[in-house]
Amino acid sequence: MTLSYNRIAGQSVERLAALSDGIFAVAMTLMVLDLRLPAAAIHGEHDLWRALWELLPRLLTYLMSFLTLGSFWVGQQTQLNHLARSDRHLSWIHLGFLFAVTLSPFSTMLLAEFMAYRASLLVYWINILLLGAILYGSWGYAIRAGLVKDDLPADVPAAICRRIVIGQALYAVGALLCIINTRWSIAFILLVQLNYAVAPRFRRAPTA
Amino acid sequence: MTLSYNRIAGQSVERLAALSDGIFAVAMTLMVLDLRLPAAAIHGEHDLWRALWELLPRLLTYLMSFLTLGSFWVGQQTQLNHLARSDRHLSWIHLGFLFAVTLSPFSTMLLAEFMAYRASLLVYWINILLLGAILYGSWGYAIRAGLVKDDLPADVPAAICRRIVIGQALYAVGALLCIINTRWSIAFILLVQLNYAVAPRFRRAPTA
Amino acid sequence: MTLSYNRIAGQSVERLAALSDGIFAVAMTLMVLDLRLPAAAIHGEHDLWRALWELLPRLLTYLMSFLTLGSFWVGQQTQLNHLARSDRHLSWIHLGFLFAVTLSPFSTMLLAEFMAYRASLLVYWINILLLGAILYGSWGYAIRAGLVKDDLPADVPAAICRRIVIGQALYAVGALLCIINTRWSIAFILLVQLNYAVAPRFRRAPTA
Amino acid sequence: MTLSYNRIAGQSVERLAALSDGIFAVAMTLMVLDLRLPAAAIHGEHDLWRALWELLPRLLTYLMSFLTLGSFWVGQQTQLNHLARSDRHLSWIHLGFLFAVTLSPFSTMLLAEFMAYRASLLVYWINILLLGAILYGSWGYAIRAGLVKDDLPADVPAAICRRIVIGQALYAVGALLCIINTRWSIAFILLVQLNYAVAPRFRRAPTA
């Protein structure tokens, strides 16, 4: 009986974390390349101020995506922190997650450029949905495959799942708002993201 | 008798792993820069949907390359996990491997842009062949030079070699299919890659 | 009573450090893409020398930003080295810091392209101010939340705060100089940065 | 007497190594963006083969720079492996080194585009010289400041210095060859780099 390569592949949580940090770092920074001024059209201080002003929506979309990636980075980290080891299946699930991460500079640029179109909002939302769904699946797999640390507190798995489901429900509501207007969608999604980043006190009080 | 620099250089497996994760991360993310819409030609929701639709082949090529890089990342990781230390020769073999990794955004873009040409398929395949051949060589060198951990199970080396040889044989079959049609080649290679990523049960059953 | 996700998220200082190193690395390197020669206009050795000469101001701005990012990298590292653990709030404060880091290639390119305009200098300075203010805030939060190591020497917190406040005061003076001329501003800021990078002896003597 | 910030800043060799790996990874991969085919001019298999053929010099320059960066990465790693800790001066010396690393995609593109001009060869060589000189200086500083590990074998410092001096002497010879012809220079430098990468047996025999 021969040893299957699949039994020995992709075991290192550290390497998975390092690749993830690298991909998040590149994806988070690449989007800044899209912040460009029309140099040829700027002939004075006044032109420059106006060009900067017109860049604001793009900066906002960038911030939005940085917040999304940030919250998924925190989410993935929280999962990986609780793993004792990885296996090849989990590695590939996270590679799928990272694929969705690398798509996010694309979906962000799309949204920034075609803010009024539902197609771009839909693509943007599908990207977020993909991130959430794969992260949810990876956690389920890690528990079923017995990869989590032995000292995992009993209520951690539920807290992780709850966070993903509530977050995705809010993003879905945001995406649905595009029936009215895509700007409403964007504003709502941005608020959700800011809420997760800032995590104001009143949300934590009842659970403390 | 003086100490040779070559005796003290490139000893750290951790640094090698960190550089590799960085290069894989950049190479995996850079390709997304190639996903661009012809902004000037889009004047309405309908145009945008069509432009997104026309981007699909490019997205597929991107996915294909992400899968390739993913499976070689897993493969390299599996080797490095079993090493006790590195030396300058092994470092340089892996630097050669990483050079082939950095070429993969180029060969992917080539394939995406000239999908119907055999030249681009050949270049793409040579890139994969290079990745596999160097990885095969690096494992052989690590064993000969006594760099592997003492507790390496006896059947691990064979499993690692088998995986590379079978994978490369399948890729070679895929490349050969371009005699009929390059699209057959691409479809076959994509299936091989998906198979390695998903690793469906029936393949693991006989070896479990 | 359910466990709040916020209690278990973002605990790893190592992951935060790794993401930071990745983002700093990309931001520090991306700016080099802006160093480009007008290839079409170069027809001989003489043209090339002149084109290289004309690139000097851009190289100087690049150096300037590399120095800024370098000193904030050292500053963030010094804080993180003294932390025993992280929490989700600290992670998000540092994500905000990293957002400001990713903006720095943009503000640098802006300054390089529109060196004579106050708007670009102001944006550049706001970027530096943001970096300093968030880093200052993150240290304050880490102390209040009890995240620092137990063996933290008593005079470290004051030294960290002093360094940020003095640095920011000097940058503010530099920014104010743009009332006279933006080139004075740039020269002054560059001198401040060089001073922090080189840290000549006479500054350390009284405190040794 | 107050504690100087400079006494507590930049102490972590691990963070320095991680930032270095990130910057090397980005710099090594960015250059591939320069490998582009003139898509508009390609109308058939034959055109594609010719375009690929014409890309060869550029690929060679890329390989050359990858080899340079690879050998400096090995060189820096060898130093850092022997350090017990870092301090702020050493951190800044290595930041200077990393600045030279980020310039290397620029000097490489310059050389690839203006292969026949001495100006581009000179810039390329100055870049290599800078890398070597700073690395030499950083080692000297680390020894003087007592940052090396206690168990450092007595002959390691000399081996590290010798390697840098001999390497730089060979690169200088290569640069001087541009008096005859820049192509001689490039060929010679490439041979030196390949020699350091491959390190054929006959060079190691007398020191084994």
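Order of writing sets the labels: A, B, C and D. Residues in every chain begin at 1.
In this text, a residue touches a chain if its C-beta (ideal position, glycine included) is under 8 Å from a C-beta of that chain, and two chains touch if they have at least 3 such contacts.
These figures come from a predicted structure and were not determined experimentally.
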| item | value |
| --- | --- |
| Cα superposition angle of subunit B on its copy subunit C, in degrees to the nearest 5 | 180 |
| Comparison of A-B and A-D by number of C-beta pairs in contact, larger one | A-B |
| Far-end chain from subunit A, centres as C-alpha averages | D |
| Residue-number overlap at the subunit C/subunit D interface, same or different (half cut) | different |
| Gap in Å, rounded to a whole number, between the CA centres of subunit D and subunit A | 35 |
| Intercentroid distance (Cα basis), subunit B paired with subunit A, Å | 25 |
| Where subunit D touches two or more other chains, by residue | 18, 21-22, 25-26, 30, 33 |
| Contact footprint of subunit C on subunit A as seen in their complex | 17-18, 21-22, 24-26, 28-33, 35, 37, 39, 42, 45, 48-49, 52, 63, 66, 70, 73-75, 77-78, 80-81, 153, 155-156, 158-160, 162-163, 197-199, 203-204, 207-208 |
| Subunit A-facing residues of subunit C, complex | 1-12, 15, 18-19, 21-23, 25-27, 30, 33, 88-89, 91-92, 95-96, 98-99, 102-103, 105-106, 110, 113-114, 117-120, 123 |
| Sites on subunit B touched by subunit C in the complex | 22, 25-26 |
